[in-house]
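Below you'll find the structures, each written out as structure tokens.
Shared between the two complexes below is chain A, which has chain B as its partner in the first and chain C in the second.
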Partner chain A sequence: MSETLGRKVKISVDGRIIEAEEGAILLQVLLKNGFEIPYYCYHEALGPDGNCRMCMVEIEGKKRPQISCDTFVEEGLVIHTNTENIRKVRREILELQLINHPVDCPICDQAGECSLQDYYMEYGLYHGSVEKGKKLHFNKHLDLGRNVMLDQERCVLCQRCTRFTTNITQTNELGIVWRADHSCVSTLPGRKLENGYAMNLVDLCPVGALTSKDFRFQQRVWFLTPTPSVCHGCAKGCNIFVDHARLKYHDDTIYRFRPRKNPDINGYFICDDGRLSYKALQTGRLEKALFEGREIGFDEAVRELKKSVECTTGRIVILADANLYTEELEMIQIFANRIGAWLYAPLESYIDEKFADEWLRNAMRAANAKGVEKLGIATTMPEIKRDTLLINFNHPVADSLDVRRRIDFLTHAEGPETGSRADLTLPIAVWSEASGTLINIDGLEQRCEQVIYPSDPVPTVIRWLEAYELGERCIV
Partner chain B sequence: MGFAFTEENLEELEALAKRYPSKEALMLPALWKVMEQDGYVSMDAIDVVADYLGVPPMKVYGVVTFYTMFHLEPVGTYHIQLCRTLSCSLCGKGEILQYLRNKLGIDVGETTPDGKFTLSQVECLGSCGTAPVMQINDTLYENLTPEKVDEILEGLK
Partner chain C sequence: MREVKIVSRRFDIPGSHTLDIAREHGAYEAVERAFDMGPEAVLNAVCESGLRGKGGGGAPACGKWRLAKEHSDPTKFLAVNCDESEPGTFKDRQIITKDPHLLIEGIILTCYAIGAHDAYVYIRGEYYGFQKILQGAIDEAYAAGILGEKTLGREYRVDVTIHRGAGAYICGEKSALLESMEGKRGHPRLKPHRKEPEWYFGRPTLVNNVETIATIPFIVKEGPEAYRNYGTEKSPGTMLFALSGHVKRPGIYEAEFGTPMMAYIEHYGGGIRDGMALKAVIPGGASTPVLTADEARSANLDYESMRSLGSSLGTGGMIVMDESVDMVEALKNLLAFYHHESCGQCTPCREGTGWVDAIVASVLKREADVADLDKLLDISWIMNGKTICVFAPAVSGVIDAFVKKFRAEFEACLRSHV
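After this line comes the complex of A and B, so read on.
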């Protein structure tokens, strides 16, 4: 097959002529061309498996319906995807799936993004002809470890999860045990999932069998808006969807991160640490400017900043966080030039070898380390004398420096100690509340739009520095 | 605690290995050796077999649970395996099962307190023509009736 793959041939699907590569998986071709074919076990990242039987199509010249994930494109195929017969076959397969499936959609986290639910609605199985006896019952809340919960009753045995641990992570924790209608997904007794990518199983599961311990029972998926963005957990720059919602009595809130397909960076997956990093964006945040321990407003904060900078006769050193967007770093660079300060973004403090692996987790845990390098900002540790004025833009190393005078721009309030040590502490927006570009470890530049619009926004770095330039209230 | 193949069994497995295309294909013979040695397949044995065959333990566990002939826990001296597949079900398996339950005072999957009998239901024993059937250890008993069950169990005591 591989030698012929690549030759373009024409096939007919529901009367439409489409062009496809000879030898390509028919299901993949149909999906790419916008045909709606139901399937469970097939997944772009995992390939076909042929066990769920949902992707049946009619092929002229073949006696019976064929599974399109195990059919390969050849010249002149004539395919029908939605005949009465095909709909009947799909309805019958669903009927078998539903014999033991619990009807607990009202409390199931997958409701709204569940293939079983969707196909049930599409193929209208309103009356089953299989006699409904007592359903078989299995464990409904099996903690598989690593934030993954398994409801064995909801499983359709498509084996996407077992293929993920076997073929993708190669950690082999999951398998199918027992047989026939007692078959279920399981780990070895007493053992748990042991890989840092386990939460991808939740996305892979087409039904509500695998759910995230972190997300389950938190929010109905149809209330969530998925906004594309980039994970800031390390320099890899994995593409994600930020699922967030602004609901009654609540501010715009992030409920989860999900991987967003990008073949050049992360493929279909993200690591669990990255996935859970949304929490830090909405806890422990610094919200108000503090001057000598007392809360002050924006205008007063800008005036104090100006006063401190202009009254300094000694050296001024600026530290910039390598997680800031390129545009923010550029603005800091301009600011540094204007006030004659020395600008550094030491990268050493972001290196975390324990975090790294060969796949998506990078030891450089600063999202825009390459951006810092591109802008030519010094990445070494500066020598700081005691009479230096330190202006820190959220750099993690700043806490360990002993200087007499400092101004902190921080995203998070890290306890009262930090607040009191700086003369002036100014809050800045986290990455989800700002926009800009990042350059990942492989040099790919990616744009991130603003995701979260809080009712009472914290100023971004750019807003602070613009206000400084203008010397007066900056109208947004 | 802990499982290790006996020297003898290891030698036999090495000899068998030559007949199979890959080491993984030795899965069933290796599990049979475990059953011969211990009477059941412990979690330790699963790890040993997996290591021996070079496959993940989860794969061995999947195979052990798939076949009703392998036990994860020790069974009684006499392991009664009643066929529950179509022909036997149609020919009165239900009645025999009920009779065995009452007679032994145990349910499917349980062992009598004296450790003598374990009751299981298994898939097709390949003797549909003489249904209902059961297998006790390695012996097949056909055309079962309650009277015949009495006779068979009497003979085992």
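After this line comes the complex of A and C, so read on.
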């Protein structure tokens, strides 16, 4: 097959002629061309398995309907995707999926993004044939470990999860136990999900069987707005959707991260640490500027900043966080030049070998380390003297430096390490509240748009520095 | 009726499972002859004999053999399917208990013909005692220099290993069998799109039923014409037919293809027991559609005759049912088996077998109505031809035959008749 892959051939689908690569998986070709084919077990990352039998199409010359996930494109195929017979097949297979399904949509986290619901609306719309009391029952809350819960009753046995642990992570924690309609997914005896990518199973599951312990019962998915962005958990730059909502009486809130397909970076998946890193964006945040322990407003903060900088006769050192966007780093660079400061962004302190693996998790845990290097900012540790004024833009190493005078721009109130010891502490926006560019560890540049628009926004680095530029010169 | 014993030749000799007695009666004579003929000639003999697989499908053995032999990978395997789990079928166990050396001889010939050196016999877990007899024979063969580095002094290595299954019916499906042998869950594989051998750990593999392999020594020794002397043009040779149910002498009796079914039942089974009338016959293991008494009277024991009656010869395991049988109960009994044994891989079979079992149970309890009978046929429709393997289509055929041929009995059980 591989030797012919790549040759373009013509096939006819529902009377439309489409061009496709010879040997390509028919289901994938159909989906790409906008045909609606229902399926459970097929997944681009996992390949066909052929167990759900939903993706059947009619192929002229074949006596029986064929599953399109196990049909390969060849010249002159004539395919019908929506005949009466095919609709009947889909309808009845869906009915089989549903006979032992608990239909507990009102309390199911998958409701709203569930293949069973979607296909029922498209092909089903019948009354249940099996009385509620006669359905088979299984474990409804099996803790698989690693933030994943399993509801065996909702499962359609598509085996995406078992194939993920067998073929992708190769950790083999999951398997199918029992046979026939008693089959269910389970961890092998005495084992739990142990890999750092386990929460991808929640996305892979086409129904509500695998749910995230973190997200379950938190929010209805139809209230969520998915905004594309990039994970800041490490330098890999995995593409994500940030699912957030601004509900009545609440501020714009992030409920979860989901992986966004990017074949050049993360493929279809993200790691669990990255996925859960959204929590830090909305807890323990520094919201107000503090001067000598007292809350002050924006204008006063700018004045105090200006006063401190302009009255300094000694050396000024600026530390910049390598998680900041390139644009923000550039602005800091200009600021440093203007005030004659030494600018550093030490990268060593971001290295975490324990976090790294051979797949997506990178030891460099700063999202824009390459951006720092590209801008030519010094990545070594600065030399600090007792009379040095340190201006710290959220760099984790700042607290370990022995310095008398210090101005902190921080995202979090606690400070990245032990807490701010500065006289002047200024809040800055986290990445989801700003926009800019990141360069990942492989040198790929990615644009991130602002995701969250809080009703009372914290100023971004750029806003602070612009205000500094525009502010009146301090006269001592 | 012409009696013939090809595979069952040594079955009645006391102690025939031991090497000495088996050799006294001609075991391993074909090996010498095969080595003189050369592998190509052995394969040609099998092709010319028209031998058809005895595991249920009835496809000519020749095609599979050639695919395995002609594959460019020099490492090939032979897997012998002894996962005999089909209700009504018990022929393979006769071979491995009564004449295991015939099977070993067949394995040597087959390995030699296709160029394999390692053979595996996949035995269902429940055949524990029978497996020990076969293992004893294998040990004897190793000790006598029949198996191992040299085969009867010739430079050809053949090793035979027994692999015990864990008792799953589906592992008799050849690809599920190989999955199971690879240490995975016994789920059938997707069917290939072109003709290709089976694969065991990525190597070309031939999978054949025990009886098929046990027929090879005769074909090699006596020649393909001798085999074609028996049977019909399209179904040449003989088969070990199993007889169970309401006959006077149930058992395994070898007969040539084309024998009229009733003549066989009368001759070997002694007719229906207790002077009852015949009601139905399941012709080839539980998975073949049931025949009514009239159909059985016109049936011959060959593939073509069975196909013309809308059934199949299957494994040749006949279940004879007399007039005392309640067909609804009989179907429930079969469906309980399929419900228990469906591997659960694809949806129509996984959910369908349970559902039809429940519907027939409700018919028996007088809790169903006509709509449920139609639903039964509807589910049977979706189970037919829409799954990975032939398990569900077989169940579908069973349901259709029972409900359509004996509909009156089912209707008599409905709620409205109480």
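Throughout what follows, the second predicted complex is superposed on the first by the 457 of 476 C-alpha atoms of A that agree within 3 Å, B and C clash if a C-alpha of one lies under 4 Å from a C-alpha of the other, contacts with A are read in each partner's own complex, and residues count from 1 in each chain.
Methods note: contacts are C-beta pairs under 8 Å (C-beta built on N, C-alpha and C of every residue); 3 or more make two chains touch, one makes a residue touch a chain.
Quick caveat: nothing in here was measured; it's all calculated off a predicted structure.
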| item | value |
| --- | --- |
| Simultaneous placement of chain C and chain B on chain A, clash or fit | clash |
| First, second, both or neither for A:C52, with chain B first and chain C second | second |
| First, second, both or neither for A:N100, with chain B first and chain C second | second |
| First (chain B), second (chain C), both or neither touched by A:G34 | neither |
| Partner chain(s) touched by A:V156 [first = chain B, second = chain C, both, neither] | second |
| Comparing the two partners chain B and chain C, which touches a greater set of residues in chain A | C |
| A:P65 touches, of chain B and chain C: first, second, both or neither? | second |
| First, second, both or neither for A:E92, with chain B first and chain C second | second |
| Which of chain B and chain C A:W178 touches, first, second, both or neither | both |
| Which of chain B and chain C A:L136 touches, first, second, both or neither | second |
| Location of chain C clashes with chain B - one stretch out of 9-17, 27-35, 99-107 or 333-341 | 333-341 |
| Chain B and chain C footprints on chain A, overlapping residues | 175-176, 178-180 |
| Touch list for chain B against partner chain A, complex | 43, 46, 56-59, 61-62, 65-66, 123 |
| Chain A residues touching chain B - in the complex, by the definition given at the top | 166, 172-180, 186-190 |
| Residues of chain A defined as touching chain C within the complex | 48, 50-54, 56, 63-65, 70, 72, 89, 92-93, 96-97, 99-100, 129-130, 134, 136, 156-157, 175-176, 178-183 |
| Residues of chain C touching chain A in the complex | 168, 185, 190, 193, 339-355, 358, 375, 378-379, 381-382, 385-388 |
